[in-house]
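One chain, chain A, links the two complexes that follow: it is found with chain B in the first and with chain C in the second.
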Partner chain A sequence: MPEGKFCNKTPINTEEQLKATLGDKGGKQYYEEMNHLDVDSDKLWAAIQKTMKSRTKTWLEICAHCGLCAESCFLYQVNGRVPEQVPSYKIQSTLGVMVKKKGKVDNEFMQMCMETAWSKCTCCNRCGMYCPHGIDMGVMFGYLRGLLYSQGFVPWELKIGSGMHRVYRAQMDVTTEDWVETCEWMAEENEEDWPGLEIPVDKVGADIMYTCNAREPKHYPEDIAEAAILFHVAGENWTVPSEGWEQTSLSMFAGDWECCKDNVLNVYAALERLKPKRAIGTECGHAHRATVIEGPYWAGRPDGQPPVPYIHYVEWLAEALRTGKLKIDPAKRIKEPVTLQDSCNYVRNQGLKNVTREIISYIVEPGYFVEMAPNREHNYCCGGGGGFNGIGLYREQRNVALRKKMEQILDTGAKLVIAPCHNCWDAIRDLEEEYKIGIRWSFLKPLVIKMLDVPEHLRPTEE
Partner chain B sequence: MFKKILLATSGAPSTFGAARVAFDMAKRYGAEVVVFNVMGVPTKAFSQVVNDVRTGEEIEVDDEYRAWVEEELKSTFEKQIESVEYAKIVTTTGVPSREILRAARAEDADLIVMGASSGDSSAYRKGYPGSTLQRVAKAARCPVMTVHRETASYWGGFGNIVFATDFSKQAEYAFRFALNAARELDCDLTLFHALDISGKVMDQNAIEDKIITARNRIRETYGPLMGDFKNFDIEVWEGVPYVEVVKIARERSADLIVLAHHSRELDPDLASIGSTMEQVILRAGCPVVSVSKPDKV
Partner chain C sequence: MYDFLTGPMLWATFIVSFGGLLVRSVMYVKGLSWQLDRVAYRPQMKYGIRGGLRSILAFIIPFRARLWRVRPGFTLVFFAFHIGLLVTPIFLEAHNVMLKNAFGISLPTLPTGLADVLAWTCLAGGLFLTLRRIAFPEVRIITTFYDYLLLVITVMPFITGLIARYEMGDYNFWLAAHILSGEIWLLALPFTKLSHVVLFFMSRMQLGMDYGIKRGGMKGTDMAW
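Here is the complex of A and B:
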């Protein structure tokens, strides 16, 4: 059987398809259909010829199979150091073979590639730093995912995830009305504690346009409220767009390139429409990578930059604390051992390592911050990056992957982990659920709000 | 004043007291009951998996599961649903406190009724520290009624209301709710203040002076708002506030305690135990209403 009802080469483009695919509990039928899915070798080879550029060709060619990348990979470390987990092996045995065979590969091979691309690599890009040639297996796995997606070999949840983006232009079923309504609700819920608090929607010409992660309106709207409170206290002139507010890109995890481009163009359209001086995204790693680092290229922007300067939340927060827009009450600083999770997507991939540590210097009492080892750009993935967190089929592998982070956290002795990234936050939460090591975890926003020195005129009047 | 009651329930026996009170009120006062159930707490990032609130097991919510949960709720509350004119079941997934607030807002509920504790092992708490009640009580626009002890749910209707004040702004909203309820339901109303002398050794004259001052303050603060309502009296007792509130409620055979909720603290370690409201809820022999906003009083 070439194309299945759920598992096929066609992306999900309608709400009906989306609901039907969701209705296939756990992707049971989906994965059964995958066993019969034909590989369109001609299309695959054509895609490779069209999209595989010199960098990838060179990387595949020059890899000396030296194995120096092995230890750099946390999945190699936690999986008994088996040769099958060496990054160079993982990419050569998948993409490498696919290219060598000019796309003439079978179903079994494609399923092996799928398992490797989504359960043996989180695209954390750490291996690229340790390869003497600078070969980045993570980048190549991102590319391989695109090829696999185009042939229908993608985990069920990610087919749905990119389908959500296609249908709702958000990773979850949050409509424009839901979003705007949630902003109103959060302003209303907090107006008493924060007199004058607003969440301005579609304000043209503001200093800041804020974008977030659909999980926030869907499940954790207090995150939006917290962003609003901090902008409010800092006296920022800010807004959120009614359309183009969703910054994340499960399509990037899925390898749905067409959808990646659509996501980011949607955000950029909001920037063109509202003309803010700059944009700020929430505490999310992959959203930043998608919209700020990779997005400009997907969108075909010649300068490789978003339409306006687009910074990560930690950059704004550090700036607000540095310039005194936000003041911390020294008595309320964190006075317990605390550690910090570096998000691969904006630390290793964009170099924001010192920014988060600057924030730490304001909010943690000196002597209480404990670095993980290794840290900064050398830190390990949380264990759930690149879509790993959300794939039921690879739950067990993901749980094993969490062990590296668990060991790192245990070694610090800290019971509080600051995780300014949705994905890391999730992985660390799941880590606690799975291994019960007795830790707490938090985004920056709620921690900072708790220790703010709020100016008199912004405090609620007490009666 | 009670046109629509949102009964937040996990369907577990620990919420049966809350259900009994909610349906009883609906029957007496002609209200609609929305039986609201958060069947699963999201887990695992963006996947479709949730932790079932009853079993803690990981499940995938689909139409079939949803229908099954609704059927369970329907049979659990069958007799009660039949006893009222309007009732409906609404289920969803999400973080319980957040979804209860969302539903109360969407339904424009006049009152939220819920149990006080889902137990430490429940999926409600799993991964989401902090008590559902604390979060709901803090942010709800409408009063929140809690029924914790089984015995607190066997009153029929309301006849005696104890309103305990700490003279905060929120206490004024709570007062308005208590007065309106007393008026509308023809109840006796006790305006009460507990003079906190816990952990202090005070001169008896000083205590008595403070009691007199507090009585006057109640009279001055709430007296002018009484209008033609006459069935009230004023009491000030010294002691540990939550103990005194529970004691006067018992002494007056109160069937409803009304308190203000105004803790800003949402840190679960600091907020979950210790507040007067929480202690009163745990100990009271009748339903407790907490009010934090002026909208629905």
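Here is the complex of A and C:
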């Protein structure tokens, strides 16, 4: 059986296919079908020839096999330092072999590649910082994922994830109506406590267009309310688009480049339509990477920039605190040991390492902030990045992967972890669930709201 | 034999080696793709060059990058090995005599004692690099026969050179062997991963440009390599 009903080389493009694939609980039939999936070697080799240019070719060729990348990889560290977890080995034995064999590889090899690409690498890009030749194996694994996806060798959840993005242009089944209704609901729900609170939809010419992660309308609508409250208190002229509000990209984790492009163009179209001065995205790492860092390239923008300045939530928050748009009541600052999780996707991948610390300086009583070691761009992945959190097949491996973050947090002695990234937030929640080390974790928005010094005219009138 | 090896053969070696390395460099740059690499090389050239140079400097200056600081022992041997490989042949008195005879020019030359130390350092460094390939599982698993071959090609000119220099055995034989092994090393540069003599700079520059443009440089934060 070359192509399965669920496991095949065709992306999910309709709601019907999506529901059918979702109905295959845990991907039982999907993975069974994968055992019989044929490899289209000609297509694979043609794709490699077309897309593997001098950068990647040189990376594969000049790797000196020095092994210095080993210790840089947290998965190598937490898996008993087995040599099979050395980044260089992982990429040479997968992409390297695929190229050497000119795409003439078999099903078993492709399944091994799939396991390596999604359970032995989170594309955190840390190894690239420790290779003397500047070989970024995280980037190469991202590339390998694309090749695997095009051949149908992708974990079940990510096939569905990119299908969601194809069908709903969101990582979850949230329609335009659902989204707009959620915004209205959240505005009403909080109106009493925050008089005048609005979530303006499709306002043309606002200063800020806000975009988020579909999990927020789907599972944590209070996150949208919190964003609205902070914009409201800061006196910002802002809006959300009815279409193009979702900036995440499970398709990036899946390696579905066509879908990545489609989704980011959808967000950019909202920018063209609403003409805001700038855009701000929520506290999510990969969403920022997809829409702001890599997105311009998928969309074919030669300057590598989104159509309008597009910043991460932490940049806006730091600015609002710096300029006094938001004021913190010093008595309500955090007065317990607290640490900060640096998200790979906007710290190692966009250098946003100082703004988060600036925020900390406003919201934490001096002396209580404890850095993880190492930190900033040298920090380790939360353990669940690159889609790892969501793949049932690799749950065990993911749980082992969490141990590095657990050790780092335990070493700080802090019981509170600030995690301004959905993926990191999830991973830290799961690590508490799995290892019970007695920590709490939080996004920035709820913390800041609790300690705001709200101007008189914005407070509810007491009658 | 000596005349052939230091005459036509040497010229051919230089042309193939340096010409080949030049071709590799040009091909590398020509093969970059802003869209596939996702780096706006041209429009953001200023940021790119800054990031690229920072990236190269961080790794050619000992103990500058965090990688070099967390492994001081390796770093010392690694730099000593590379400095010896590069400095000894270029500034060796015996090599500069040939240069003087051919063109009437000469570079400053190393005192014999220092040249000896550098040459022995290269041998010791080569031995260390070989042993760690055998001893450490994380290096062993990625090591191939080809890696050992390249180490042999690289240290052979030093072994033969030292034998000739101490006049052990037949001097003329070892001198010819030395010249030949040096030529083999030069010829191997463009065709093997020894091409990192130039591609190191290319690859580091590329990743540095990535960081200088897309991954933080344009946000005003420099990568702390």
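Here is the rule we use: the second predicted complex is superposed on the first by the 463 of 463 C-alpha atoms of A that agree within 3 Å, B and C clash if a C-alpha of one lies under 4 Å from a C-alpha of the other, contacts with A are read in each partner's own complex, and residues count from 1 in each chain.
Quick note on the criterion: a residue touches a chain if its C-beta (ideal position, glycine included) is under 8 Å from a C-beta of that chain, and two chains touch if they have at least 3 such contacts.
Predicted model only: the values in this text are computed from it and were never measured.
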| said: Between chain C and chain B, which one touches more residues of chain A when both complexes sit on the common chain A? | reply: C
| query | Does the superposition put A:450 against chain B (first), chain C (second), both, or neither? | reply | first
| request: Would you check which partner chain A:58 touches, where first means chain B only, second means chain C only, and both and neither mean what they say? | output: second
| task | Would you check which partner chain A:42 touches, where first means chain B only, second means chain C only, and both and neither mean what they say? | result | neither
| request: Could you look at A:293 and tell me whether it touches chain B, chain C, both or neither (first, second, both, neither)? | output: second
| said: Taking the superposition on A as described, I'd like to know which of chain B and chain C A:432 touches: first, second, both or neither. | reply: first
| Of the two partner chains, chain B (first) and chain C (second), which one does A:89 touch, if any: first, second, both, or neither? | second
| said: According to the stated criteria, A:384 is in contact with first (chain B), second (chain C), both, or neither; which is it? | reply: first
| request: Check the residue A:250 against both partner chains and state whether it touches chain B (first), chain C (second), both, or neither. | output: first
| query | If you lay the two complexes on top of each other, which residues of chain A touch chain B in one and chain C in the other? | reply | none
| request: Would you tell me which residues of chain B are touching chain A in their complex? | output: 42-49, 60, 62-63, 94-95, 98, 101-102, 105, 126-127, 129, 139, 141, 168-169, 172, 264, 267, 293
| field | Touch list for chain A against partner chain B, complex | value | 22-23, 25-26, 157, 160-161, 171-172, 185, 188-189, 192-193, 215, 218-222, 250, 384, 389-392, 395, 423, 426, 429-430, 432-433, 440, 450, 462-463
| note | Note: in the complex, chain C contacts chain A through residues 27-40, 42-44, 55, 59, 66-67, 70-71, 74, 132-133, 136-144, 147, 193, 195-196, 199-200, 202-204, 206-208, 210-211, 213-217, 219-225
| message | Please output the residues of chain A touching chain C within their complex, sorted ascending. | response | 51, 53-55, 57-59, 61-68, 70-72, 76, 81, 83-84, 86, 88-89, 92, 128-136, 293-294, 297, 300, 302-305, 348-354, 374, 376-378
